Amino acid sequence: MEPGKSRLLDAVARRVAGHSLEGPYYTDRTFFDLDITAIFTRQWLFVAVDAEVPEPGDCSTVEIGPYSVIVLRDDEGGLRAFHNVCRHRGARMLDEGRGSVGNLVCGYHKWTYGTDGALRHAPAQPPDFDRDCFALKTVHVRSVGGLVFVCLADEPPADFPEVAARIEPYLAPHELRRAKVAARCDLVENGNWKLVMENNRECYHCDGHPELLRTFFPTYGYTRDSVPANLRQAHERYLRADAEMRATYERLGLPYALIEELHERTTGFRIQRDALDLAGESFTPDGTAACRRLLGDLPTPRLGHLALHLQPNSWFHVLGDHAVTFSVLPLAPDKTLLRTTWLVHPEAVEGEDYDPGTLTKVWTATNEQDARLVARAQQGVANPAYEPGPYAPTEYQVEAFCTWYLARLREELRP
Amino acid sequence: MEPGKSRLLDAVARRVAGHSLEGPYYTDRTFFDLDITAIFTRQWLFVAVDAEVPEPGDCSTVEIGPYSVIVLRDDEGGLRAFHNVCRHRGARMLDEGRGSVGNLVCGYHKWTYGTDGALRHAPAQPPDFDRDCFALKTVHVRSVGGLVFVCLADEPPADFPEVAARIEPYLAPHELRRAKVAARCDLVENGNWKLVMENNRECYHCDGHPELLRTFFPTYGYTRDSVPANLRQAHERYLRADAEMRATYERLGLPYALIEELHERTTGFRIQRDALDLAGESFTPDGTAACRRLLGDLPTPRLGHLALHLQPNSWFHVLGDHAVTFSVLPLAPDKTLLRTTWLVHPEAVEGEDYDPGTLTKVWTATNEQDARLVARAQQGVANPAYEPGPYAPTEYQVEAFCTWYLARLREELRP
Amino acid sequence: MEPGKSRLLDAVARRVAGHSLEGPYYTDRTFFDLDITAIFTRQWLFVAVDAEVPEPGDCSTVEIGPYSVIVLRDDEGGLRAFHNVCRHRGARMLDEGRGSVGNLVCGYHKWTYGTDGALRHAPAQPPDFDRDCFALKTVHVRSVGGLVFVCLADEPPADFPEVAARIEPYLAPHELRRAKVAARCDLVENGNWKLVMENNRECYHCDGHPELLRTFFPTYGYTRDSVPANLRQAHERYLRADAEMRATYERLGLPYALIEELHERTTGFRIQRDALDLAGESFTPDGTAACRRLLGDLPTPRLGHLALHLQPNSWFHVLGDHAVTFSVLPLAPDKTLLRTTWLVHPEAVEGEDYDPGTLTKVWTATNEQDARLVARAQQGVANPAYEPGPYAPTEYQVEAFCTWYLARLREELRP
């Protein structure tokens, strides 16, 4: 075994259950490279929404560690994904971002590919040049209820179809596949991607989110017995709202049961339809809808939120009036891109049905607050005096994330 | 032995006495990491002055390589130092700089520590959670005549108490412990921390310091026999001023004898009370005091300067009217923070007794001149064509610093 | 053999002829360091023109990887080159750029060297100090027809004198040795130095150079049989211009034959006098001369261009009215400096005989276009999904460059 590999296995073996991970997981280039290999080139990653590439030729380019992937709607309306690298001398094909193309033309020597990735033209080649050998390299891609995932592995995880099948009924009533993008925001956080994910798995820090806590119950992650004294009043409100919501979900036939399989499977996930506080409709100061036109054909905005968490790199809040998606992309051991996208009904009119500022305000503020906390955590775990400490009971999902993560490393490192 | 370690030992063994160090000592990340371990986690480091944390709850946070340390006045008025890392998930507690706190509260999940470091409150923990296991980790701290030192080692160097006892009588008459901070300046130099220290150990380069040379005798580092022709006139002035100063020191009972033990001990140091040129009182264009109110109860400003050099990271000029302290903190192989602090009598009034611009002018200019020289030295030693050259006799203190430094590396690397 | 070395040899052995190089050659720090050692400290490098240092004391300082070299005209009018490092404590002597000196004085401790590199003065040394031991370290330097080359090796490549002797007759009629610098431009490209050189060896990408293609025949690199249909008209024009030019060259006794020895020798090179389109005189929109005063004593501006390519780091276009030189200097695996210099007759008057904007316009635009292509190539080859692809026939000189480059690595790495 390589010495580097045994050092990594030792670290994994040393982990104390219930405690945070050692510093090097978050700061060391070797661990970062391992994360790219063991997690980001193996798993299905959430990178876009169908609504970003609605028409043939529409494309979106996303950076995944050292990789760059083009997500494209082909001429037949199907989703395609390709490595963003010309087959000639390797030049990058498309810049990062979104656009629309007829063919994919390399800017260097004009090698030209169809939307199916086939090489259509390479200038000035000899007669025996075989274009069929030089199609763009494909990347696995699929949409789950309007959410676009890619997988860089040759063989994607075997359990993803099952996960997708269990998630889709929750998403279906919101019809995200035909939604439209109302707003987008990229935020570079000064912390490791795992700190960004861990931060999202607990509300133990929610004191720092005054805008979010207008509607998001701070009792998230507590059981009835463990709710602390200062949250008991909120918990009472939650129980009443929860009872009402369950009745609504039953009446409308909306799936709502909690599924929580964060560490038991390759594609760890959690899904739950849950109540919100105040008007219970949306993430706004008084909880009323931020968009008048509701998603799909939903008959009422008072639906709380469908919370979906999908490892390794995403979470979602899908409401009656809008949806907001979060994609986490590692840039460096201490730099992570958080990409947030807000979706509304395709016919919702900006300025009439919704105001983008109101729509995005809570999560923009919450993201920035989280970014400050993540930066503070990154600074601390980079200090050699840091030693892993114990998670509180309400942080059990962070523990589950770490357990899942280490299982992935073990799989990668096994002889 | 690890291969890296043997490479380092080879370099140490290769050193030619009387010659500058090889380039990698100043440029190589491995040597930088070794310096942090062998020097900055072993030695007592000058990081603050008592005057920065006069009242209970006052705190100052300082970065030492990858470490961050909180220096704090506790509720009983004692000095404390802690690692700036929460015992929960490791978040940084305090930002760099100075402030005042009641308790130390982690911004992430509100774990709350007293000024004694004890964990007072951790929200929502189970009944068996033992707060006593999670006090902030302590760092050794002590004040020597108003100068605050910390030591990251479990066992600090055994000789420091003796060094402190020999230094304190020199410092005592200036009463720095109850002085006040008149000004501060942080300067990031583009050079290795050793180049900053070496530059300070010789006046061979003093031509480049016109403001300083108004009062600082350029004959520093020369013996009577070795004074070059162009400095003989200055040397005559020095001898006259020196004779007068010795009489003054004797009359006032001020310790003044030179102690120079730069490489003979773990805590290398040098102390000397010495004459200044012109009015002989302070670092000003005509040598007169920059602060009307004198330090302590000193009866006259005409006292020259008490020059203290303390390895690995500090030097000081303590005068009748003010004191100026210098703390050197490594940031990267080629980046070093020089932190300069000016102290005056606690009752000296800005604008009446002293003008901050006049007080700080000479050393601000001198620091900037030195920074340019250090940057030039760093650029040169990074060139593979550089080979160590011979120190001039007047650079004997630089040689002593290198000897001391290599002894520390040998101790660290010995099998 | 060191493990690192065997990894490099494996990569060299793995190379498929006719295909681009693997990604790590362009992105990996180990390969970059190997390039500095195997190429840039072994070969003659084009770094300046005689016209930059015409008078005694004139000097130009150039960075070559971690090295810094002073090119200097000495008191006797000879060319000298020295490592830009003081022999005392290694401080950098001169900043990058051009200047004029009487002596070379180190800014740190005033060690003073003559223009012959001898140490003339070192202050305050003991009587037995031997100045003769501390002359500046020399670097090989020579001018070839007014183009200045340095070599960092102890023993420069044995074949350079022969190459120089074959090149000089082509250059001689243009009398660059007494030309003057009309303009200079430094451009930092976001790509490996080899991508910059490779980009220059083919016109397969020339569609992206509209300004250059006014006069530069896009058929460069094609044989009569391989000219693509869209370039046939241009090729007809080229054949006519070529025939006329050959007659002119014969009449004027100007050497013009193609010599192409890109990979057959240590100092790979290519030289050819060739026609330009339209007026055929210069790189201008209509092909007419950009400088009224011609180089040397040339009787006509209608001379096309003398194209010289000299590995590892330079190319040149020498015309009737001006010359333009290109020097490629590696800064990092993904950063390269391209230094462009325009030369005109020493008595040509700016504003009368030439307008600097017109003179520099085409190559400034072309350089910027190339920089964008090189950056795109660098981004692509850094993607793990990149795999080497086949060169088109018209890219045969890129293939030759790679072959030459790998031969240099093999020489360096052989046991």
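In order of appearance the chains are A, B and C, and numbering begins at 1 in each one.
Keep this in mind: a residue touches a chain if its C-beta (ideal position, glycine included) is under 8 Å from a C-beta of that chain, and two chains touch if they have at least 3 such contacts.
The UniProt protein names, listed by chain, are A, B, C = Aromatic ring-hydroxylating dioxygenase subunit alpha.
On a predicted model such as this, the values are computed, not experimentally measured, just so you know.
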Topology of the chain contact graph, where touching chains are joined (line, ring, star, complete, other): complete
Rotational angle, Cα trace of chain A fitted to chain B, multiple of 5°: 120
Centre distance in Å when chain B and chain C are each reduced to the mean of their C-alpha atoms: 49
For chain A, residues contacting two or more additional chains: none
Sites on chain A touched by chain C in the complex: 66-68, 83-93, 107-110, 122-126, 129, 134, 137
Chain B-facing residues of chain A, complex: 20, 23, 204-205, 207-208, 222, 226, 228, 373, 376-377, 379-394
